[in-house]
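Paired with chain B in one complex and with chain C in the other, chain A is shared by the two complexes that follow.
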Partner chain A sequence: MTALSASSPPAAQPVPTLRERLRRLRRSYLFKVVIQGLITILAVMTLTFFMIRQMPGNPFQVRIEDLMTRQGLTYEEAYRAAASIFNFDPDRPALLQFGDYIGDLLQGDLGMSITKTGTPVAELILRYLPWTLFSIGLSVLISFTLGTTLGLSIGYWRGSWFDNVVTTLASIISGIPDYIIALLIILIFGVQLEWFKIGQVRGGVDPTITPALSLEYIGSILQYAFMPMLIYTLSSIGTWILAMKSSTISTLGEDYIAVAQARGLPQRRILSAYVGRNAMLPLITRLAINVGFIVGGSVIIEEMFQYPGLGRNLYLAITGRDYTVMQGIFLVITVAVVASNILADLVIVWLDPRVRLDKGEEA
Partner chain B sequence: MSLDMNKVVLSVRDLSVSYQARRGRVRAVSRVSFDLHAGETLALIGESGCGKSTLNLALIRQLPKNASIDSGSIAYTYRDGRTINLLDFDKTAMRRYLWSECSMVFQGALNSLNPVLRVSDLVYETAAAHGIGRLEALTRALTLFEQVRLDAKRVFNSYPHEMSGGMRQRVLLALSLLLRPQIVIMDEPTTAVDILTQRSILDVLKQLRAELNFSVIFISHDLAVAAEIADTVATMYAGEIVEIGPVNDVFYRSRHAYTLSLLNAAPRLSAGAETLESIPGSPPDLIEPPPGCKFHERCAYVQPICRTTPPPMVAYDSGAGRAACHETARVLADARQKV
Partner chain C sequence: MIGLETVATPAGLIIGAICGLVPLAAGVYYRKIGVGIGGFIACLLSGFACGLIGGLPMILLTYAVVVSYAYVNRQDPFTSRAALEDVSFEVSRIEQLQRAMANLGITVRASWKALTRNKAGLIGFIGILFFVLVTTFGPLFIEYDGAAHMDRRTPGSRALVAPPSAEFPLGLDWKGRDVLSHMVHGGQRLILTSIQAGILATGIAVILGSAAGLLGGAVDQAITTVANFILTIPAFPLLIVLAALVEFDSDFLLALLFGVLNWPTLMRAVRAQVLSLRERDYVQAAMALDLGLWHIISREVFPNMVSYVAVNLIFTIRVAMYSIVGLVFLGLVPLREPDWAVMIYTGRQQGVLFLPQAAGMLLSPIIAIALFQLSLVLFSRSLEEIFNPRLRSGV
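The block that comes next holds the complex of A and B.
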């Protein structure tokens, strides 16, 4: 691009004082949203901390009942057994527990798992997060790219048979919950047609293969991730298609599209720089909100396929009332959602020159 | 002004356009014929819904999907003398023709520019689409921006939202001349801007036209603007050109009852407190147009023959102008009296 620098040289600016700098920092967009984000995270953390303790039962009772029913122990025996494993005192006031939690958190410590004695929560999260990030992240990417491309095409050529077919399919599929899609796939392709063995799609990787950066290991990971990924993609693509279609149609009504056509621009250019780029803007925010889903994982799908991700772990933590693990996972999800929203704002600014971050701050 | 009246750039014959509506076919433009000469400015005047905009979209073949050109021809003569019928063009040929031979300044400049692209991108992509290099495009654009009295370098690097409405309209005007077309169609280019901006745009347009010698098809509701800028004026009513001729003939020696009514309905400062005359009724249904002269239901000069027989186009002054009215003599007498 040919640079055309402004004709006037930049005026020499006086060196800002410390107070001036602080004032600027306070006014800056990033500072503001980071503070807002921290407040949000703190609020969600506090709420989850007390709300999960309102659920019936606590990890201690769950374990005692488990020991009583499974090993036939008396209540006293079970109580003693449980007390010996857990370093958790259910009778300690919740407010004091909260104080301990915040204190540890400030030191970067997420605490120890209650039910899996001796395992730090952070370690659990780090072990399972990559599986979820990989499977859901890739699916969201695929379904967003494919969905917006399809939505753009059917919006551009609306009324064609292609549009009718895709819109009908997208409407149907966006109305079905993911676990129903999963069940249908298992029933139709697994049970009826026997395209795959149901037992072989459960888990994250073939346990007989030694973990290494080998083709075999990676292939196995992909093979096991295929089914959950297919379901994530199918369950979210319909929404992307329909959202992009409506956004495309409203963009097509803009005057600048007619002007671009009258200028004799190639169709390719109009589709990408004119229709696509403008229609995409409202969808960026939706994508950011989806990031929470990426991190949290789909609890039901991961449990169905025994996929070793964060979602399945959250499920296990909830059934076992493992407060610290639940807190840890919810915290990670909250941070991811807040961060991705800030990121979405920055991306929008980059894509849409009309949006200014410091809107209303300057006179 | 150097009017090379011998060279016809655009020759439209019997052009008819209709829209498919639920109730039937809307005959939005019917049997329109006119010639546009090199350097000539033709103003199209008429009420909303008379088919002006449809006619213009047909001239660049950018009609909506539910519209079709039913008959007629649009003959365009290139600078090298080749003449083609636009209706024979395929999509690719049409794309190349657009903007490089005939460009268009749309109404509503506020939305005519892509909000996410800089003016420089608009210039480069327009040039690239028609095989003009970046350096050439840059030089031409900067010259044109200066000619339309813009701060060329600043505007070149601006986004649309950083400019005022008047600036955007001038950017569009400059952009429309980037590929040096022979024809520029202007669809109410001054309606969305204030009176001072309108004044400056008209001045710029007149100056550019004198320098670059292109032809203009100018659509306007504003008769004063049309009178100022046009060489030729065509009055449209219910999809037809009912009168066309040199600007002074049409405005001061109107030969069609509708033209005269339209002029009487325009406010004039000199008229003082006189009440404005309006035309009773509204334009006819174009799905089932009335028989005879389409204007007869609203016409003050109506005669029995107007209700049954469509008036033929009659040329006057050895072909300088034409009008289709049964009562030309009475209308002309009233128009002369008025001046």
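The block that comes next holds the complex of A and C.
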């Protein structure tokens, strides 16, 4: 029997039973992390759902009063009208409302916006998300690429005048809050030196140009995104430079660098293939974690430039007490953060074979 | 709290002067009069600035420094300047106390040396000192200008806001008030609230992180779960929601809220640090010698964490200031004048952001906040050297 099976082709190996497969799945790292992520998302949803309903200023009451004064309705009539507009019954216990919400959510329905009557939340999010993804995503890429390149070179040639200048500039710029940088740029370059018109940097795109895949439209998008992107890049590049510098310096102390130098490898090869790649590893993890927060956008910067992204609209939803939009945006951000944390773990395993995930969280 | 009411008042000055008598007397007694006078001035200033809260710790520090100059270690005939006949191995209580004081003084002097050695750190320290001095003592010299002055309108101008002039060095704001007085009076609360928030967040993080690392098991798991949960929620939008929920009638509440939301990152770092320190040889050795939990925490684990925690404290203070100014900037917390952040908010709200003559009113708080944050960053660089016993060489 054993001789027979040994001589048979590998395809004849016993097929794992369903139960074995399930057990293997349960033990796998990914499964564990995904379940944990789902629990976290549910917990955040629960917290935000009940928390935002405690905020003073109920949008339902506001609308009822609005209807009563504007259309001269009685309270009863206004109440019924408002209930039909909002498509939810405010007298229903919050717990049941929460059940409805989760039920809808499982069917992929995020509900209707409360203040923007008749607009599904999903549609609003899909409308805002591209702006934020585009502006912050591109700036993160730019500042990461530039920052790591600069950090690598000043780490390698540390002590040079170039290192001193870049390190000083990086620590100065990483120490100033992003909105302060924005205000300084507006006040100095916009108001005092008049290098650009301030009115031109508010909004997402020139409203007079019709949306099309034309050169003009894309140019306008880039022109309007320039300011926020400049500020995102400036406010994050310093951290990347400094992190890459310290990572490079610690990598330079490794034995394999000394060996590579002893072997007489050209400096360029050592810098790119030996130092750069290894020094980059911890930063890649940080980048992957950052991806989650890209989605949320920067509330203050987007509000400042009236940029039509997710951050500004979250702020508008919070101040306007638009419960469903708030929940929807919080959900999207939470999912993105959870997903990017998992992504960070997977990426580092893929890049660095020394790291094993099943060793536990300390890796 | 006694002390904070006496800030920059004659009472504070008297407290400082009384506190200063201790190092002065010690200086006269040990014939180190120069050091004694230095101690007197330090006590006077800190008593003046913080009342008893500043005065009492300063007595200890300055007295220790004076003692450290004069103290002769009789137990150590090889490295000390004690004459051979003075060497004695008898240990009296006073002797022990003196030695502890001298050691503290040497630490203070070494820290000071480490601070002055790092140029960037020194600049940061001077920057922080500058803002603290200006916001505490400035109000003594410059009166708060709170009422609108319609009569200060420059002829031919439509707005009251005016650029810097000889009479008003930082210009006038949108109500025609002196910007300089707002700068001097409006920084203290922001700085104090940020420091409070930073201390609260760091304190929670250190306590929970040590508990998670040392106790392990269910405690560890519970704390880590909560931390991961808080880390997932976007911090600033959550703060906006909570700002609507909680009425911030006290600054402490705002600081506490910030602390409750911002401990997880540092907690994870402290926990990892404690876990790795627990495995180090010297800690294992101390455990094997049965030196007691308190000794292990205070002498072996804590000194190795303190520089990291101190650097993080500064970082958290910066984030706190960022969040507080951000909340005010969006108009989400009750606005109280005078305040640097409120100056920016009203500037934007009143539409003077785009008036060239409003530069004085807007740039002053903006540059002040930027410089204060910058000073914190620079200062945190030399904190590492001050607190790390390996980097800190002797006097």
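Please note the rule applied: the second predicted complex is superposed on the first by the 311 of 363 C-alpha atoms of A that agree within 3 Å, B and C clash if a C-alpha of one lies under 4 Å from a C-alpha of the other, contacts with A are read in each partner's own complex, and residues count from 1 in each chain.
Following the convention adopted for this analysis, a residue touches a chain if its C-beta (ideal position, glycine included) is under 8 Å from a C-beta of that chain, and two chains touch if they have at least 3 such contacts.
Fair warning: this is a prediction, and the values are worked out from it, not measured in the lab.
Q: For the combined arrangement obtained by superposing on chain A, do chain B and chain C clash, or do they fit?
A: In the superposition, chain B and chain C stay clear of each other.
Q: Tell me which partner A:I102 touches in the superposition: chain B (first), chain C (second), both or neither.
A: Neither chain B nor chain C is touched by A:I102.
Q: So in the superposed three-chain picture, is A:R354 touching just chain B, just chain C, both, or none of them (first/second/both/neither)?
A: first
Q: With the two complexes superposed on chain A, say which partner A:L141 touches: chain B (first), chain C (second), both, or neither.
A: Touch partners of A:L141: none, neither chain B nor chain C.
Q: Output check: A:V259 vs chain B and chain C. Expected answer is one of first, second, both, neither. What do you get?
A: In the superposition, A:V259 touches chain B alone.
Q: Go through the superposed model and pick first if A:L30 touches only chain B, second if only chain C, both, or neither.
A: In the superposed model, A:L30 contacts neither chain B nor chain C.
Q: Once the two complexes are aligned on chain A, which partner has more residues of chain A within touching range, chain B or chain C?
A: More residues of chain A are touched by C.
Q: If you've got the overlay open, could you tell me the nearest Cα approach between chain B and chain C in whole angstrom?
A: Chain B and chain C, overlaid via chain A, are at closest 13 Å apart by C-alpha.
Q: Give the list of chain A residues in touch with chain B in this complex.
A: 1-2, 4, 6-7, 254-256, 258-266, 269, 273-274, 277-278, 351-354
Q: Inside the complex, what are the residues of chain B that reach chain A?
A: For chain B paired with chain A, touching residues are 60, 62, 94-100, 103-104, 106, 108, 111-118, 120-121, 125-126, 129-130, 134-135, 138, 153-154, 156-157, 159, 161, 172, 175.
Q: Of all residues in chain C, which touch chain A in the complex?
A: These residues of chain C touch chain A: 120, 228-229, 231-234, 236-237, 240-242, 244-245, 272, 275, 318, 321-322, 325-326, 329-330, 332, 344, 353-356, 359, 362-363, 366-367, 369-370, 373-374, 376-378, 381.
Q: Given the complex with chain C, which residues does chain A contribute to the contact?
A: 40-41, 43-44, 47-48, 51-52, 54-57, 171-172, 174-177, 179-180, 183-184, 186-187, 190-192, 198, 293, 296, 299-300, 303, 311, 314-315, 318-319, 326, 330, 333-334, 337-338, 362
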